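What follows is a pair of complexes built around chain A, which joins chain B in one and chain C in the other.
For the complex of A and B:
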């Protein structure tokens, strides 16, 4: 294919065979805020993934001779009230946050929300009524109360279940590994995070299913499944992607809130919320700010980066709403 | 319109019934024995059994739930398990007033600051003012209050000694400044974003172009044509933002030692005081649903184009 002189002089290839998504990705990477957001998230989450390599100490290693030490070359961010290395705890907490947000967003927000929204939007009538009403109930619960109640009441049940499972199968270490905390926090987060997504998808589908290309697909004998997956979903994706990006930030915030209140992730597993909760008093703030400020700043950056990415994605994918 | 309001009001009891059922079930199968909570850990098993019978806890689940609903309908939310002889309403009422003041003031402040800033960002679209305001909004969006609080406390309490660190002395005491500020910031961010988006939407409408082309001064166009129409969707946002305000208030009350409903609910959950947990949850749900109903009605009043079926 011939290239125009302008393209030759700029040394760029003609935009051929490039799909909608490739164009969107290119536009995204041309935005400084998107690049900043992606870089921040990559650095933070990479340090979480490689926590065991990066951390100089074990996150639970207590050194009673080194209590409340100020940052030094030995302890980059100092030590906490029982002599644990703050930096090591921080990177391991990022791992906890990463696992929980990714699992919750993918299974809770994305999977449940997407499927229920698709069903409600496509089938309408009683399916729609049922899903919308259930969603309304969950929205009417003050989120924080629902999360607190779920986290506080289902923990012993889940613990029993896992213990029985360990006994009957011979698999050990699940409880010690903190699988209970993950399940409890995930349950509390998923309980409300699907509603917004389901509504968004439902609205998109209601509009899309009246379009001519869906009529055409139906007329040519496409199955319901095919219409949903091939025709409806890809066209509904742009706002969904934006919502997921923003969802990551708010789920990370909600997870930290639960742990902050002491009903999310339990010690000895490190979590950002827990670290903030333990450091949240005036004496520490006045005399040892390095105990509380690092997890606070890291969490702020995580939430801000997801918001920033969501905003940049919104610019690229939904240009009308700018 | 009237039919719509009635329908929404009729849905409220059902909603509360479902919310109460979920809370009751979670509490029923949750940890802790209310009789033990009442008697303390050193009570004999016989005494606990006796107490359970007395409290009606030996009855089947559905009977207990039915009983709870029946009493709640007669405005009796039961007695607290951990505060002996105090009814739930006695415990909640004084805290409700504190929390309502806190949240009402925060809502007012965030509206009064957020809407003008959002309009400013829209008017100055593309300039550095717009960028700064949008960045501010993005930063504080969904930011939990326990992240901003440490910085503000560090600066205003520990360095500048401007305010006390905690306590509740009513709405007109310096101690309220920090909690209100921390609680309002994320809400301000919400209103900046929504007002800006809404104003930009209105600016591109035909009637704004008409207003300009018939020679109206820019100020009149902005106030009479843009502002008034841009504010309508904000009403809905205000109703929905109550959920975020409640979550924020719970933690603010904990952080700053404010005796509100949030603090009470947190204590109740940790003490397995389920009647109090249920009472506070039901009140929160009622407040949220009623607030959104009011927002929807105001929306219809403000915008005659809206027709509810």
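For the complex of A and C:
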């Protein structure tokens, strides 16, 4: 038992790095696919965050004399049908994608899904029945179809609301900055992303609340809040982290889908789906591939990187595949 | 049935009873239905159990798997809210307490689990596991006091204080069980339920943990409910022993009395199953082999629940549940044929 001096001489790592999380993090960073995924995502999202600095032109800067130009030193990825710089629009699209995915994953998937799943799993009975059945109703419809309906029906309402808000407070520019689009797309995405997470969390909690360490906490007199936050959540987290990582990819794809169909982000705000939509015809693909290929490739890379990261996280966190 | 009258009572009025269980029943409902759940049956895990535990003594609770030992213990701690009956702890009725009152009472009664692997939260350090009851009951005022207290607890159970920063997966089974013990004694409880506390450990470690439990009992005047299926361990640690079968207590007696003079046919069969570590004696050991299996607690037999397997069963046994009678001084058995 008394191995302190021996341990010290053997250079055992300090205690604070031996927790399960620290071990998982170290394992993760030893995996090439995790490093690649993190690097790709870091580059893409950093360009979105620093879009103002990186983009050589404004996303809405039009030069009608330079329409559908091939890539050159002046326009790195060429220009689109009204002479806007594609590289600049791509970088600003990353910002749109980043904002929307992060906000809807955090609020929709994490906040709503986690809380509902926790309640359903912990309290069971009618709470569980209610949440599970409502979730099943949501799952029963094709997502794209319902998202289109939501996006199409709430847009006028949100627009009115924001206009009223602008009028009453004197703040201007909200509509022009595309806040309406963000809210609409976010609403459509969040309405669905919670179901999968709630189910996952519920299942985890159902299993965890029967474990002996939760019994021990209950026998110690721990409150429900403490049991949830200290004992249930940290142990339910590994699959949640994997699901969130995979969820980022699918939410990014869903956002692009809505914008591609013309009901998501409205012009002139750039988004990947919008850019793909504007370039979608055979003549362009054949003659000016620089208009459509960049957004397609970037979207692919985003989805690929999130899935890769999710896969690596699963390898590291899931005890069954370890 | 006038059950209260036949409840075992302590010999003298003056004896200090810490835990008093009367007519405890724990029925788990069996539900069926898709939208609306209906109760179709009850699993009678604990059916009309009555016993008491004196302050400072160890009551061993034995019986085979599924006989309701653990459920009984959990009902005492109110981890399950029993269907009916009464559980009185140091004069206070736990059954009538609300969740808030119970949480304060939990400081005085604790539990040690069977499995040292699943009873510790894998994402907490040993120190925080041991210190959690201190935080929950606000028994420490500062960070420093908390650390000192945790170090003291770890030392008490034979671990090194520097191990407080380690995580459960870095300990051996015996060390983990010591952490479980340290957590149980953190709030200086009066009563600890040891739920198969040594069953998952190998024999040499079992001995260490049992010795630790006995030392702690002397040191802190603890009262134990020691649940086990290992009869030699129970014999070693218990003052009195209760034998359970299919949710009923069939016999309660002082340790030596029970082992020397078992009265209930089930107890006799159970004790005859203990192997003797002497090959010559072992070869001559007379075993009572019971016929059949334990009936389902979903549909327990009528009358004496043991009558389906009892070697000395007579027609009257099917009639009514035999009361726990004081057959010899302080020796209670639930059998009409003794």
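Following the convention adopted for this analysis, the second predicted complex is superposed on the first by the 302 of 322 C-alpha atoms of A that agree within 3 Å, B and C clash if a C-alpha of one lies under 4 Å from a C-alpha of the other, contacts with A are read in each partner's own complex, and residues count from 1 in each chain.
By definition in this document, a residue touches a chain if its C-beta (ideal position, glycine included) is under 8 Å from a C-beta of that chain, and two chains touch if they have at least 3 such contacts.
All values derive from a computational prediction rather than experimental measurement.
*Asks:* Check chain A with both chain B and chain C modelled on it and let me know: fit or clash.
*Replies:* fit
*Asks:* Looking only at contacts as defined up top, I'd like to know whether chain B or chain C touches more of chain A.
*Replies:* Counting contacted residues of chain A, the larger count belongs to B.
*Asks:* After superposition on the shared chain, which partner residues are touched by A:220: those of chain B (first), chain C (second), both, or neither?
*Replies:* So A:220 only meets chain C here.
*Asks:* One more residue to check, A:157. First (chain B), second (chain C), both or neither?
*Replies:* first
*Asks:* After the superposition on A, what does A:212 contact: first (chain B), second (chain C), both or neither?
*Replies:* The second partner, chain C, only.
*Asks:* May I ask you to decide whether A:137 touches chain B, chain C, both, or neither, giving the answer as first, second, both or neither?
*Replies:* first
*Asks:* A:145 in the overlay: touching chain B, chain C, both, or neither? Say first, second, both or neither.
*Replies:* First partner only.
*Asks:* Given the touch rule stated above, what does A:257 touch, chain B (first), chain C (second), both, or neither?
*Replies:* In the superposition, A:257 touches chain B alone.
*Asks:* Between chain B (first) and chain C (second), which does A:74 come into contact with in this model arrangement: first, second, both, or neither?
*Replies:* neither
*Asks:* Angle at chain A, chain B to chain C, CA centres, as a multiple of 10°?
*Replies:* 90
*Asks:* Considering only C-alpha atoms, give the closest distance between chain B and chain C in the superposition, rounded to the nearest Å.
*Replies:* 7
*Asks:* Identify the overlap between the chain B-contacting and the chain C-contacting residues of chain A.
*Replies:* No residue sits in both footprints.
*Asks:* So in the complex, the part of chain C that touches chain A is made up of which residues?
*Replies:* 77, 79, 102-107, 109-111, 113-115, 118-125, 132-133, 136-137, 159-160, 162, 165-167, 169-170, 175, 180, 183, 187
*Asks:* Under the definition above, what is the set of chain A residues touching chain B in their complex?
*Replies:* Answer in residue numbers: 136-137, 139-146, 148-150, 152-157, 246, 249-250, 253, 256-257, 260-261, 263, 276-277, 280, 282, 285-286, 289, 292-293, 296, 299-300, 303-304, 307-308, 311, 321-322.
*Asks:* Would you mind writing out the residues of chain A in touch with chain C in their complex?
*Replies:* 1-2, 4, 15-16, 18-21, 211-213, 215-223, 226, 230-231, 234-235
*Asks:* Given the complex with chain A, which residues does chain B contribute to the contact?
*Replies:* Per the stated touch rule, the residues are 15, 18-19, 22-23, 26-27, 29-31, 134, 138-139, 141-144, 146-147, 150-151, 153-154, 157-158, 165, 197, 200, 243, 246-247, 250-251, 254-255, 262, 265-266, 269-270, 277, 280-281, 284-285, 288-289.
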